[in-house]
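Pasting the structures in now, so scroll down.
What follows is chain A paired twice: with chain B in the first complex and chain C in the second.
Showing the complex of A and B:
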């Protein structure tokens, strides 16, 4: 989880993120950020996730629980 | 489908790009995104400049320029050509086939077999395979594999998803019989279930062009396009490439009996640097063996991207010596194809600007 939060902070272009942060509230939130997250999940957790599935997650923590928590 | 050929080689290649250059920054205000957002896209995908045709120029015009260069360089080629394969998604007309127009333009005789193939990003591999297969059971000595696309006209200028990536170009590759054994190994795969991940909804028979299909609409991400424009589901295409291409490459290398380390270059279709670097990482090959500089220099020209990668990066080397290469194209269809072969020495390998040779 620690690694995950660090990488998500990088991808979301902020110093740090917490599990409760809402994804679409980040200033850089757009289709490119979503694609970068898809690429990270594929690389780190070997899961294939669509843009729609990422956008269905409300928070940073929810994304982890659904796709990176195993 | 797997295939292999023993006595077929690529003899020469000419790639032609239009003279008109468009810079990423010139179009940044057309997009419905903030400047920092678009500059981040530019940095991630390594976007810089692309080549697009001027009004009135078709992809086939670029192809004629390339063919003229090859015929000027080797006049005997005219008598050796037995077939013309024209691989494109932007034909001159719905009918007749563009290959017949090129046949007439250059005065090739009636014994020359002409066929158009509708293929996209895997179009170079498909053309190469069809050329090799054609020589197996005919008297054809040499085949012109022509890849040509001008998709810039089919993309909305307000679609940040596709517009900044697309370039126009054409290439002519001469495929010939080889007296020496030179194995050419293919693996070609397709899956039509995801065919609409890359498509142009209107303009064909299913949904003819009309005022309604030409109306711009905004999508969920903020891009404007009409039904006459190309639509790409970026996330589906990314997941498809990352999931399907690495195992295809591994299987093709195994079929050819070539170790990954023994490959000099992995010459892939050029969607953008982001995807190519991810692909190199998944395959565990050094990025230096996977050229990824085409989109920043010319734009992604669909099926022309592999011959363009060869001409732009390897021309001086390939005129002198041979290289062991693994080729792969992936996209529209969906299609993903790979080939393992020894490339070179080539008798001609050049990328040049369009000089205005027109198909009338």
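Showing the complex of A and C:
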């Protein structure tokens, strides 16, 4: 989870994030950020996720639980 | 006229990425035109299903441009079997949709290895006189994104723009040996690769792509037709060009 949060902070362009942070509240939350997350999940967790599936997740933690949690 | 003069030798062409999409359609069209083919792809099953109707007129080379070595030896052996090349068409390639902040150096190097360095290796080997006939035509499948920008496509765009420059440089360098180098720059066409991308991007993606092409999305045969023209004697005076085959995408 620690690595995930660090990487998500990079993609969301902030210094740090927590599991409870709401994704759409981030200033840089846009289609390119969603694409970045799709690419990250594919590379790090070998899961293929659509843009729609990413946007259905409300928080950073929910995204992890659905697609990156073991 | 001697019988041997009246009987033309079949053209031999090498196609990479021949198992699917544009490469597969081109292979089918060139088989129909009487070519013998050397077909390169990582998908051996795909190549075998393509070539079943044409016994003896092909040599298959299974090769993954991302990781395999030894292609030169396999190509030399295939040329020994089928004959020297009249055409060399590099279709193999991967897309890579990733914004800059998610794009790693490793990602970029992988895309360049498959899409671009492979083309360099192929022409370096096949341009040796013992591997080709006089007047060999080389075609690289480039992309509209080698000509115009697109968000989240920098790695792919770099790899395809480099093909354009490679073709132009070699067109000048090897013109004294009557070798021709050209690119086709396709727009979006319906292939398995596009369908896989559309699945990730959402339900409106294909509709939006369709809207961006004045003549609608293309088909593999559209690109094959353009490549066949560039391979032919009708394109004898065309070299160093990038032919847009994109339904008007880059005309806007």
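Quick note on the criterion: the second predicted complex is superposed on the first by the 70 of 70 C-alpha atoms of A that agree within 3 Å, B and C clash if a C-alpha of one lies under 4 Å from a C-alpha of the other, contacts with A are read in each partner's own complex, and residues count from 1 in each chain.
The working rule: contacts are C-beta pairs under 8 Å (C-beta built on N, C-alpha and C of every residue); 3 or more make two chains touch, one makes a residue touch a chain.
Keep in mind it's a predicted model, so treat the numbers as computed, not measured.
Novice: So, does A:10 touch the first partner chain B, the second partner chain C, both, or neither?
Specialist: second
Novice: Could you look at A:40 and tell me whether it touches chain B, chain C, both or neither (first, second, both, neither)?
Specialist: second
Novice: Just to be sure I read the superposition right, which of the two partners does A:24 touch: chain B = first, chain C = second, or both, or neither?
Specialist: Neither partner.
Novice: Residue by residue on chain A, keep only those touching chain B in one complex and chain C in the other, then list them.
Specialist: In the superposed arrangement, which is not itself an observed complex, chain A uses residues 32, 35-36, 38-39, 43, 48-52 for both chain B and chain C.
Novice: In their shared complex, at which residues does chain B touch chain A?
Specialist: 33, 37, 40-41, 44, 161, 221-222, 234-236, 238-239, 242-243, 274, 278, 281
Novice: Taking the complex as given, what residues does chain A use to touch chain C?
Specialist: Residue list for chain A touching chain C: 10-11, 13, 32-33, 35-40, 43, 48-52.
Novice: In the complex formed with chain A, which residues of chain C make contact?
Specialist: Touching chain A: residues 97-99, 101-103, 107, 151-152, 199-203 of chain C.
Novice: Across the complex, what residues on chain A touch chain B?
Specialist: Residues 28, 30-32, 34-36, 38-39, 42-43, 48-52 of chain A touch chain B in their complex.
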